[in-house]
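One chain, chain A, appears in both complexes that follow, with chain B as partner in the first and chain C in the second.
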Partner chain A sequence: MSAQVLQLAINALAAGCIYAVVALSVEIAYESTGVVNFAAGQLVTAGALIGLSAVAYTKFNFLPAYLLVIVGMSMIGIVFLICVYLPLRRQSVLTIVIGTVGVGIFIQNVMLLTWGPLPKSVRSPMGSGAIKFGDVSVSLHVLYVIGVTALLIIGMYLLLYRSSLGRQFRATAQDPEAATLMGIRVKQLYALNWILVCVLSGIAGLLFAPMWLVDVTSGDNIGLKAFAAIMIGGFGSVPGAILGGIIVGAIEIFGAFYVSSAFKDALVFALMFLFLLVRPQGIFGERAADRA
Partner chain B sequence: MRNLPIVLLVLVLASALVAPAVISDFNLRLATLALHTSIAVIGLCIAFGWTGLLHLGQAAFVGIGAYASAILTTRAGLGFWTTMPIALLASGLVALCIAVPMLRLRGHYLALAVLGFNVTFEIVARNWTKLTGGFDGITDIPPVFFFGWLIEGDKGFYYLSLFFVVIVALFGTALRHSRYGRAMIAIRDDELAAGTSSVDVTRIKVLAFVLASVLAGLSGSLYAHHATFIAPQDFEFGRSVTILVMLILGGESSVAGAIIGSVILTFLPELLRFLGDYYQAVFGVLILLILIVMPNGLVGQVQSWRARWAKGRSNG
Partner chain C sequence: MLQVEGLSVSYGPVTALDGVSLAVSKGECVALLGSNGAGKTTLLRTISGLVKARLGSVSLDGKAIDGMSPENRVRKGLCHVPERRRIFPGLTVLENLEVATAPWRRFGASIATDLDRVFELFPRLRERRPQYGWSLSGGEQQMLAIGRALMSRPSVLLLDEPSLGLAPLLAEEVYARLSEISAMGVTMLLVEQNTAMALSVASRGYVLEHGHVVLAGASTDLITNPRVREAYLGA
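Showing the complex of A and B:
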């Protein structure tokens, strides 16, 4: 493989990791509540912009700044639970999905009022250094993105599949009423769900911000590509969300280089449509049709 | 009181007919915009309100109609009455291509696929400069001739749009009370039960989706000729959301609600102009409030008030 291809591949992996984290966040909301979270993209932007301000506030102490972001995103999650999810819970899932669209519009415009429309550059905690492997130069930030994503995936796996909390969480997702009868505190788990959703999206924001410029709309595209990633990987499958994210990253980076940078996003959606036509359940996903 | 709806309808139509003589030019322009937008909202009422298909890409189908009309009139020199049917056909055919594979799948697949389609449409409209004019869009779209009359300016277009809205509303009402309309409602309420009651679920869903898009195409064609200028951002995903909110504000399963919703949401930015930059944030909250406080929209709310009032009277 030539150095150029390797270089593109590592950038594709980094972009793919970010889509994978957002896809994971959308997937968790979908698995536990059946809601497709259309505010995901705006939550990503929120993470990036809150991170920008927090880092400036702590004078470039990244650890406390990032903790602030996690606290902030958790608060957004709780507000979302109280103001949107709980009031709408008894209505159809479609209604809640439209509610998330409203939340997205609200968050985006509050951000526009707070941070203004101009794009901003964000520093990485890894600085701007790079390591050379032969002809391939890899920025430290890219390695950091890949590392954090790997840790997040392992952490989510342990939380959801290897802890009592995760078992309660999945039980509630399957049947909230039965879970209540088993003595599970369902409302607290819904809170945990929306906190996880917001924090994961926020972390994706922190990861992507130093790679591209950030403005109030930059998360929108990331959210859309996370949806494409889920469709490709398969709705209802966590490994699918991750693999789908990486595939979307690869199409975007290689497509922009070899095909057309104007149409790179259209290529992603073209692949999504192809999957819907040929294999609607995605690579690992749930049964896609309602009826046989 | 039993004739109240009919009396109201006549009053509304009469005031719609005399409105251009009374309101300002600017309001007339908005009213015209509200009228041809309401055709797309009635379309969405068929797909989402009656059949329950979460359709987040209506603006793209409005866009297909608008671009088809604009390209054919400016490049091929055809007139509105030739391009408009072609625009309807184009929107309908694209919808058919999407609908047939997608509608066998669960609801959220359609929602995301149509969203993806809306975004792809924007990308293509922005970048296929030769055909669409790219970011600059298409300018100088010619006015409409109606039996030799030149329909130009807002007054003529207002009546042309009103004419189409009345036809579409009549069509919608007839559809609602037909076999097909009942089948759509049955699918929305319980797909499985509808299927076992020998409703051809997939066929009815495809029909609803295609009809929705054909009406979007008509709306787009009128929009192009009225505005005389179109650009990709007129048909972006945010516009699809606005069209959906128009429907849920008015009442998601009512033709009258679709028209009321599109009139209110077209004028709302002007009425709330004092909010300035805060309007969009308020709009987001408004969506949530509608969903939480009156999930059946204005029409549904009035109906439930009337029902309560009638009940109160029979008890007292």
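Showing the complex of A and C:
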């Protein structure tokens, strides 16, 4: 493999990681509540912008700044739970989905009022350094994105599939009433769900911001790509969301280089349409019986 | 142990229960009989807290639990095995059993003895441990639903139609296990359409019609009662 292809592949993996994290957050919300979270893109932007201000506030102490972002995103999750999810819980899922669209618009406008419309550049906690492997130069930030994503995926897997909290979480997702009858505190798990969703999106914001400029709309595109990733990987499948994210990253980066950077988004959505036509259940599909 | 007094429940303008009173003493197995729509399921759902009563009161160990959430009622030892089993389809058999220990399990606490108790009652579940809930047969699902309830360490079990949809042999098997559980000292309130089977395990029974208790008595009396024989035993 030539150095150039390798270089592109690493950048594709980093972009794919960001889509994968957002797709994972959408997937977790869908698995546990049946709600498709259309505010994902705006939550990503919120993470990036809160990160920008928090880093400035702590004078470039990234660790406390990032903890502030996690706290902030958790609070958005709790506000979403109390103001949107719990009041609408007895309505049809579609009502809540439309609620998430409204939340997205609300968050975007609050951000516009707070941070203004101008794009901003954001520093990486890894600085602007790069490591050279022969002819391939990889920025530290890209390695950091890949590393953090891997840790997040492992952490989510352990939480959902290897802990008793995860079992309660999945039981509640499959049958909230039966979960209640088994003494599971369903409302607390819904709170955990929306906190996880917001924190994951926020982390995706922190990861992407140093690679591209940030303005109040920059998450929108990431949110849409995450949906494309889920369609390709298969709705209802966590591994599908991750693989889909990486495929979308690869198409985007390789498409921009070999075809045209003007067409990189079109290529992603063309593949998504192709999947919807030919294999609507995506690569991994959904175990329909889970939703009995 | 479990006391229900003057319970009335309505769904909008429809009255489902109208002044129902009953009592189940410690260690007793009591059957709740009646035709479809008599209010049996509603009564169980009200006792477990899923449905709010308009009037009346439910008490456990002499204390009213009316304001308590269903989750907390489980922590007081009241466990409801719902109609149609409602096991978690995407959890394995073992996970279904583990998840029900949430009310009492503290970090690091062992569930081995609880699991053993369930596997001794239902050896089939031990074989099926790694299988997903949805892949079980109806009988196995019912066994899992009962086993799962036992994992919550209940002192009172509410069972809603445990024989529903089961072949007669399997239904008998389930009932044999229920009488073993009863012999362990678990108090039971049993809703059942299969009157003969319910009365074979229960020592007493109540007959519910249109939201009222119309008959109550020992199983031996109910089974010979002409009204019960005509309406529910097809004799």
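In this section, the second predicted complex is superposed on the first by the 286 of 292 C-alpha atoms of A that agree within 3 Å, B and C clash if a C-alpha of one lies under 4 Å from a C-alpha of the other, contacts with A are read in each partner's own complex, and residues count from 1 in each chain.
Here is the rule we use: a contact is a pair of C-beta atoms (placed from the backbone, for glycine too) under 8 Å apart; a residue touches a chain by one contact, two chains touch by 3 or more.
Remember, it's a predicted structure, so these values are computed and weren't measured experimentally.
K.L.:
Please indicate which partner A:R162 is in contact with in the superposed arrangement: first for chain B, second for chain C, both, or neither.
P.N.:
Touch status of A:R162: no partner.
K.L.:
Quick one: is A:R279 in contact with chain B, with chain C, with both, or with neither? Answer first, second, both or neither.
P.N.:
Neither partner.
K.L.:
First (chain B), second (chain C), both or neither: which does A:V110 touch?
P.N.:
After superposing on A, A:V110 lies in contact with chain B but is clear of chain C.
K.L.:
Return first, second, both or neither, reflecting whether A:R185 touches chain B, chain C, both chains, or no partner chain.
P.N.:
second
K.L.:
Just checking: does A:E177 make contact with chain B only, chain C only, both, or neither of them? Give me first, second, both or neither.
P.N.:
Second partner only.
K.L.:
Quick one: name whichever of chain B and chain C touches more residues of chain A.
P.N.:
The larger set of chain A residues in touch belongs to B.
K.L.:
Once the complexes are superposed, what residues of chain A are shared between the chain B interface and the chain C interface?
P.N.:
In chain A, residues 289-291 are touched by chain B and also by chain C.
K.L.:
Quick one: which bits of chain A touch chain C in the complex? Just the residue numbers, please.
P.N.:
Residues in contact with chain C: 164, 167-168, 170-171, 174-175, 177-186, 287, 289-292.
K.L.:
Any idea which chain C residues touch chain A in the complex?
P.N.:
For this pair, the touching residues of chain C are 48, 50, 70-71, 74-75, 79-80, 82, 86-91, 95-96, 98-103, 105, 132, 134, 148-149, 152.
K.L.:
If we count contacts the way the header does, which residues on chain B are in touch with chain A in the complex?
P.N.:
Touching chain A: residues 52, 54, 56, 101-102, 104-109, 111-113, 115-117, 119-120, 123-124, 126-127, 191-192, 195, 201, 238, 241, 244, 248, 277-278, 280-281, 283-288, 291-292, 295 of chain B.
K.L.:
Can you tell me which positions in chain A touch chain B when the two form their complex?
P.N.:
30, 36, 38, 83-84, 87-88, 91, 93-95, 97-99, 101-110, 112-113, 224, 227-228, 230-231, 235, 262-263, 265-266, 269-270, 272-273, 276-277, 280, 288-291
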